[in-house]
Structure formats: C-alpha cells, structure tokens
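Chain nomenclature is as follows: A, B, C, D and E, assigned in order of appearance, with residue numbering initiated at 1 for each chain independently.
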C-alpha cells in the first residue's frame, strides 16, 4: 500500500507502522516524538482528529492515548483512518498536547485529562469539562474506579 | 428590486399562514381516541408462568438490569421486573426461547407510587398493567395520509 | 457581577434557549465578547457504563445520547461490533439498515429545524417540523416496534423484516413531505425575517471548519463535501445513487438549507432502497442457525426474529476497531477495544455534538446576543449527545 | 318610596351612561378591555394552534373550544404565591406593574365612542392619546429596573431602544392623518371620514406605517424583541410571580387594544357607518368601532404564527430607515392631497 | 418599614385564610388543574419526547399544559430524564424558585431509578431531591404516557390533594 509506505518514511525510526483492519496504526515510541510526527502528518494532509481516546492498561503499567486522524480536504486521505498511538506510564501520565497542530483535539484532550488524569503539556485550558467539582482528582474512566454492578438475582 | 421580492416573500408567508387557517389538524385526541399500536410494538411485558423454563436468559440480557430472577417456593428461578428501570428494548422477549415473555402494545401508564412499579414473579404473572381512561376510548390506527400527514382510522 | 463594563450573563440550564447546558456569556453592550459553554449537565458516563455491560446490552445504551437520531447511533455501534466479531449481515439486512438510518436522519433533521425555528422565534416552524417528524416516527415505529429507541440492528442483522404496508405508507409520506416542502419554503425558508436572522450570521469558513473538526451538515454548509456515506460506504450505500448537499456560504442559513436538502435526498435514498432491496434472510447465517427451532416457530410469519442464546455471551477476539457513520448531526465514531471477554474493554463513543462543541464555542464571540440562539440552533447541537 | 327608588335608578343609569363614567368603566374601558384580554389571548393561542395543525386549549371547556383557558390561567396566577425576591426594590417592584397597567389604560379614555359620546372631547384629543401612549415604555423601564435581574435589565434596555425608534413614525403617521383631516380632534376626524371616505384609502402609506408601528410597539411578532423568549426569558417580567406577572402579561394586549382603537378611529372610519339600530343610543356605534379594532388586534396576534422575530439592530434599522422614511413620505403625501384639495 | 412588614404578614395570613374556604378552594383547584405550566428545564434526552408531547400530534396545550419560560411563572416541573449531579442542583434551585403550589412529575426510567444508567456515578434519582407526584416509566415514555401522568396529576389537584403554603414534611 502506497500510503503506508509514505507514512513509514514520515515516521521513520520514531515509531512503528502497521495495518490493523484497514486502518494504518502508528505506534509512537516516545511521547515527546509525537509532536514531530503530527507536524509531518499535518503537512501530508491529515487535517483533523476524529477522536482522542485514553485506554487504561494500568495492569501493564501504562495508559495509551489513541488519536484517530483523518482528512477533510484531501479526498483520498479522507478514506483512510490513521491511528496514532502513544503510551504514557500510568504513574506519571504526561504527553505533549497536539492542540498547536490540530486545534480539533481541544475538547477531546480535555475530556481525556478529566477522565484519565493524563496531563497534556501545552494545553491552554486543561481543566474539568463534564464532571462536577467533587470529582477533582478522581478519574472515573480508570479501571481502578469501580462502579456498582448487579447480578441477575434479586 | 430586493425590496420588491422581500415584499412578495412577506405576503407569501402571511398568505401561507392564512391558508392554514382552514383547520387540517394532525392531533390525535388522546384520551378519547387511543392509537392501537402496530403488532409487535414493544410495550409492557406479559409473563406467562406456565411457559417459563427458568433459563434466566432474560435477566442476563436485560441492559438495564430491570429483570431479576427470584427463587420461588419450588426452588425454581422466575423473572420479576422492575419498571422503574425497564427501557422497553424488548431484548428479553426476543431472547425468551419459549415465548413466556412477550411484549404487549400497552405503553401509556403512569404511577403515583414508586413501589407499584416493581413486579415480582407472582405479580408479573398476573397480568399486564392497564391504562386508565376517563371514558371508554375509541381505538384507532394511525396511517400516513398524502393530504394531511396522518389520519386515524377506527379499528 | 460586571467587570470593566462587561456584563456576565449565565444562560441555562433553566432557560428557554439553552437546552441542557449552561453558557457563560460575557457581553459588551449587545455584543458577545467571550463565550464559555459549561457542558456536563447530561454527562451520564456512557463510556464507563459500557465497560460493565455486555456487547448486546450496549446497543440501547449508546442510543440514549443521540436519542433523536438513534437509528444511526445504533448503526455506528453495530458496525464496530460486527467488525470485531467478523460477521457480515445478509444483503437484505443491509438495505433495511439503510432505510432505518435514512428515516432516522430525516427525523433528526426535522428535529433540528424545529429547534432552530423556535430559537429564532417561529413557533410554527417548530410545530410543523415536529408534526412532520411524527410521520417518520410512525414509519420507524412500524419497522422497529418502538417510537424513539429503536434498537433495530443487532450483530449480524436486524430484528425485524419490512412490514407489508411499509412501501405504500412510505410512498405517501414522501409525497406528503415533498408537497409540504413548498409550504415550509414560504413560511420558514424564504420568510424575510428568517433570512434576516440567519443570513450572514455565524459564518464558518471552510478553513476554520476543517481546523475545528466540524462534522455533519455544518461542515457541508461550509463547502467541504465530506460525507462518510460516500467516503467509506457502509450498509447499502454503495449501491445507492445520491448527492451530497453542499453549500459554500457557511452561515446559519446555509446550514438550514443543507438540512432541508438532505431530507429531500434521504427520501430519494429510501425510495431507491425500497426498489433495490433483495429478498432473503435478515440475520446472518451464523446466528440464524443457533436459534432454537421451537423459538423460531413462535415468531413464524411475523417478520420478527428471536435472538440466539449466544447473544448474552458474545466474546469477540482480542483487538480493536474503529467505525464511523454519517448520522443526521454528523459523523459518529466508535472505537472499540476488546480483550476477549464478553464486555468491551474500552468503548470510545465520539458524538457529532461533542465534536461540534469546539465550533460552537469559537463561533459565538463577536456576534450579538440575539444571534446566539440562532447559531446554537443552526449547529443542531444536542447536549446529551455531547455530554454522553 | 317608589319614587325615590325610581329616582335613584334613573340617576344611576344616567350616571352610568354618562360618557365620563361609561367610557373608562365599560366601553372602551375596563370591562371591554378585560373581556377582550381574555378572548384575545385565547384567540392568539387558538389561531397559532390551528395554523400549527393542532387544537390548542380544549379540554377546559370542550363546547367553546377551550375559551375558558385564560380564566383558568388567571385563577392560577391569582392564587399562586407572590414571591418578592430579596434583592429587589420592594415598593418599585410591586407598584411598577400596577402603575404600568393603569397607565396603559389611560389612552383608551380619550377615544370617543361616537359623535356625541366621549369622555374627553378635546380639540387636541389625538395628541393626548399619543402622549399617553408614549408613557408606557418609561414605566416598563421601571419594571425592568426594579426586578434587579440581568434578563429584565436587557429587556428594559431593548424596550428603551425600541420605544425611541417607534414613537417617531407613530407620531408622524398619526400627524399625517391629522393633516389629511385637518384636525386633532378625534371626533372631527371620524366625521370627516364619514364625509370623505376612510383614511386608509386616502393615505394608505400612513395606514401601513401605523399598522406596523402597532405591531412593533406592542411587542408582537416579528418585533417581539423586548420579551424574546429564547434570548432573555421574558425580558422585563422575568422575576415576576403570580398576579403581578398576570398583569404584566396583559399589559401589551391592553396597549394593542388601545392602539387598535386609535387606528380604527384614524384610518378605518371609527364608528361609521351608523346604520339603523345603532343610531338609537350614542353608545351603540361603539360596537362598530370595537369590531374594527378587534380585527386589527386579531391580525396582530395572527402574525405570531407566521414570523420569527427580528434582531434588535435589524428592528431599529427598519424603524429608522424604512418606517421613518415612509412616515415622512406619508406626511408629504397628506400635504399633497391637501394642496390638491385647496387648488382644486 | 416595620408597618409594611406587619402588613405583609397580615395580608399573607388573610389571603391564606380566604383561599382555604370551600367555594374559593374549589374555584382555585379548578383553575390550577387546567393551568399546569411546565418550566423549560430539559434535564436530559427525554426532552425530545417532551417536545413531542406538545407537538401537533399530541398537543398538550389541549390540557392547558403550556411549556413556559421561567420558574417564577410556572407551577410544574417535569423531570425529563436523567438528573446528573450538576443538573440535580439546578433542578432543586428551579424548584425552590417556583411559587406555591408546585408539582413534580418524573418522566422516564432514568428520572425514577436511573434506567439503563442506574449504575452511573454521576446521576441522582429525582424522588431523592424533589417531592415527585407521578412517575412515568419508559425510556423515553410515549407522549401518551406523559398525558396519562398529567391527567393523573390533574385529578389529584381537582381533589385538592396537594400541599399549598404548608411546610412540606420532606
């Protein structure tokens, strides 16, 4: 696939590129490098982020931040979904914010911060978005935050 | 020129308003006329004690955990439903392999008490809650109509 | 509360123009200088709850945030699950899904038009749009057996076949809608007051729309011809011929027109789908044969299906998928991570309203106070969708 | 004894039917205004409902299509708790709507019912009516100020802006009628119309401007700006509860009524034509006047179902550019007619 | 100022005494039960269906139910679906701002017991913070069910079975 090769050259040694169910997955090795890659991807034509998700793998000691990037302006890139993954340690989750490159991440990074406590360095407004004040310092989407579950018996 | 088209548009808007002054109502006069919902509408559930095979699939699939299994006197599991949680998705009736749970087309009920909405197996098996109408309603079927949008035919 | 001559206005959550959110509006005279949407009033933690529910139980759950367009929300999730499970629904089911999605889109657009109308003061626009929405709800009720929350699609297919009278009913509805459009045109679309309120207001340029990741009709009203149905056809859209409604102006009026145009386009899509729909099963072979024969007998001739017992124990293999669907309000994306257990490990559900939140926030400053409801309505922003 | 009762009855009746009492109290004053209020708000909801393909108020009185709806609403307002927020200026808060209500009534008194029946038959009665009408907005400002609420405040400001802009076309278009009929006396104006024909045919421009100003100044759609629901709740009356709010809701309709009466007098020939049964008593021609005014009122409330609302700057622009210019033109037009009359 | 204060108290008492008298009470209850104005407080997605209740097909205005703008002028809260913690505060505030007599209907499974969101960490049950008169199960309930609830409430008011000016027990 041509696109995959193009992205491989962009990413170079800073990450791993593979194809998973039709989407191109880029696993960035170090959080710091993500800005560099994002800049190059933006230049390539990937102009917006569809979703930013955190995934809690704290049993393995890390959180994963997943950016789903695509394009509006370039029709052939619009067909592709580029999955940009970066791992941050769960005891000190920090990653550079991509807001400078893709302003569309603003609210989603804020939400990821709120739900996982992942700090996006350089984000201008990193504070609670959805939750009321009493959730300050509590990160509900982490696996360690348990909610009620009921069985099938009365 | 712009002024003129503007004026025409104003007049057209007012004209349309005047045109609709001839009543062509879409309203279903609810308590007197009650819509008979199509067969297979997912309303309140009917539970048949006889058909139940105590498989508890309904409780396992219930997305809102509204159906719970109660262990009766005969040590068998039977479902009871809590309508305060039920979302009327109909999954329970669709997965019930024997048709012990079925949906009815009843869907217009309000309760004054919280406790009344919990139906343990015995109460559940007794029957479906019935809506109260101020007078005997006339049942109708809604149909799409080219002229008026919806029309209501008596059953 | 005023500082340096500004007035800070708190709009909502109890306010006729706010919906389910609070907005902090800083006014300089009549002009808004700063705008902070305070969302989260309907944050029901869907993503967390989804991790405690089975795959099948999440179907109704994910419909709730986008209640007025639940057909499409349902489809987005089911596509993701099917990708994980590696199931392909039969062609008839694909067409039924398309019909459902388009009816849902029409209902959603009519909802949006109604809300926009009431926000700029036209109660007739609201009532007409909601009244006509009832017709499409009636059609969807015929198809799925519910008024709003259809839960129509299940992994591997759909729950019900097309009712017999559906074609006839839809044909009438389409004719009715096309005729009504002329009246809408006179009283809302071309009404000089509507045009004065909407034209040139809340202009979203093409560049900004791309930058802020705007979705749906709002994006297309700004001149970007992006529609998931064309870019990555799902369900039966590949076989169906339709046009993307695009306008260049990017103002509130263009967004209103795009919505109307899409309603008309959706009618065409459904007509085509009803023409081309093949006969056959509505549930994938794999699940069809797991249904107990005695259960099958119960629903014979009703067009409904019974669920196989495997549905309470769907265990997709380890992996992750990403699905996108063009809903009435815009692109819905679902990112689903499975670890092999019967419950999703992570379900990321990004709704169109959440993605439009940024646009909403950035578009308001610089406008007058009276423009704020117009822009709010024209974006078709649905707070429960944004908050999830 | 019998004589005494008879005497009292006669004088009482005479007193009641003397214009000074009858006008403010019965017609076109309090009683007529109140019954119109109840009917008109119901009518507004009903018209809107019919255009919107539904029923509107119904179950309260099925045989009269829910005409009692407003009685129920009034009763509720009457019996609901009156909350006076801590943060308001109490006296102003309570008194302002009452005074406003009273002052909205005043212009009605000036309007004559028929040739021989007027509470105030003054040489400048038109000017008195106009002057009293312009008092409205200043009291509305007090209402909005007294509430100490930001939405009320903005509503008050909007009303202030609007009143500045609608008063001028209002006065000019009324003037052009006065010029046309060569008088400031409302009775004389009607008499002249009886002789020449209705004002609306002589000077349609002024009639149109006046009609738009009626809609504009009484906050009907598309100029429902001071109370714009989706923007500023209900403007000046946001903080008001119970019967005080009930008053507030009625005020703009009373104003609409009084302006429509004036409109009927200025442009629609007032109580003319006085045909047979109506010439039996000087009060009876008032029926015609009332019907004419009612048509104007009904048209104004009908517009709710047709239009969205303008933005305030657009409304101001319309007032200053279009209405003002048109009003001015109508004045010139009236002078033109006058000149032709004099020449010819 | 003291005089006015006493006057106010006196008037209040006199008014209360007056409106509890039999014929006046009946008239009052008749008026109120046909004039239930719900406040514009959309708490969650059932608002979609509540809008449908006043749409041309169901037309709640027939019953005198007219959704109105502010808490001060209305007497009826319809909790439309889930109350999140943030919204619960707002709902409570709105309820307190409304003049007596006031009524609450909880619409939808979410408002009653959380519905499908029963285990969410961010929701509040309506009856825990407000005195709910009628519950409507369903997710979302059909407009017919909402009309049923309104009729039930009307019947209750007609009976005079509600608190007015009395301190509530809860």
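Things worth noting here:
The criterion applied here is as follows: a contact is a pair of C-beta atoms (placed from the backbone, for glycine too) under 8 Å apart; a residue touches a chain by one contact, two chains touch by 3 or more.
Predicted, not measured: the structure shown is a model, and the values here were computed from it.
Between the chain pairs B-C and B-D, more C-beta pairs are in contact across B-C.
For the pair chain B and chain E, the distance between mean C-alpha positions equals 23 Å.
Computed centre separation for the pair chain D/chain E is 34 angstrom, with centres defined by C-alpha atoms. Note: centroid distance chain A to chain B, computed from Cα atoms, is 42 Å. Chain C and chain E have CA centres that are 31 Å apart. Listed for chain D are residues 51-55, 229, 233, 305-307, each touching two or more other chains.
For chain B, the set of residues touching two or more other chains reads 13, 16-17, 20, 25-27, 29, 60, 63-65, 87-88, 149-150.
Counting partner chains per residue, chain E shows two or more touched chains at residues 55-57, 59, 62, 69-70, 86, 116, 118-122, 139, 142. Contact between chains, per the stated criterion, is found for A-B, A-C, A-E, B-C, B-D, B-E, C-D, C-E, D-E. Against chain E, the residues of chain D that register as touching in their complex are 45, 49, 52-60, 66, 68-69, 71-76, 78-83, 90, 229, 233-234, 237-242, 245. Residues 13-16, 19-20, 22, 40-46, 48-49, 52, 60-61, 64-65, 67-68, 111, 114, 127-128, 130-131, 133-134, 137, 147-149, 384, 387 of chain C are the ones touching chain E in the complex. Every residue of chain B that touches chain C in the complex is listed here, in rising order: 6, 9-10, 12-13, 15-17, 19-20, 26, 37-42, 57, 60-64, 87-91, 94-99, 103, 142-147, 149-150.
Taken in their complex, chain A has these residues touching chain C: 20-21, 23, 47-51, 53, 55-56, 66, 68, 72-73, 75, 78-79, 81, 83, 102-104, 106-108, 115, 128-132, 140-141, 145, 147, 149. Contact residues on chain E toward chain B in their complex (touch as defined above): 56-59, 62, 105, 109, 112-116, 118-119, 127, 133-139, 141-149, 151-152, 156.
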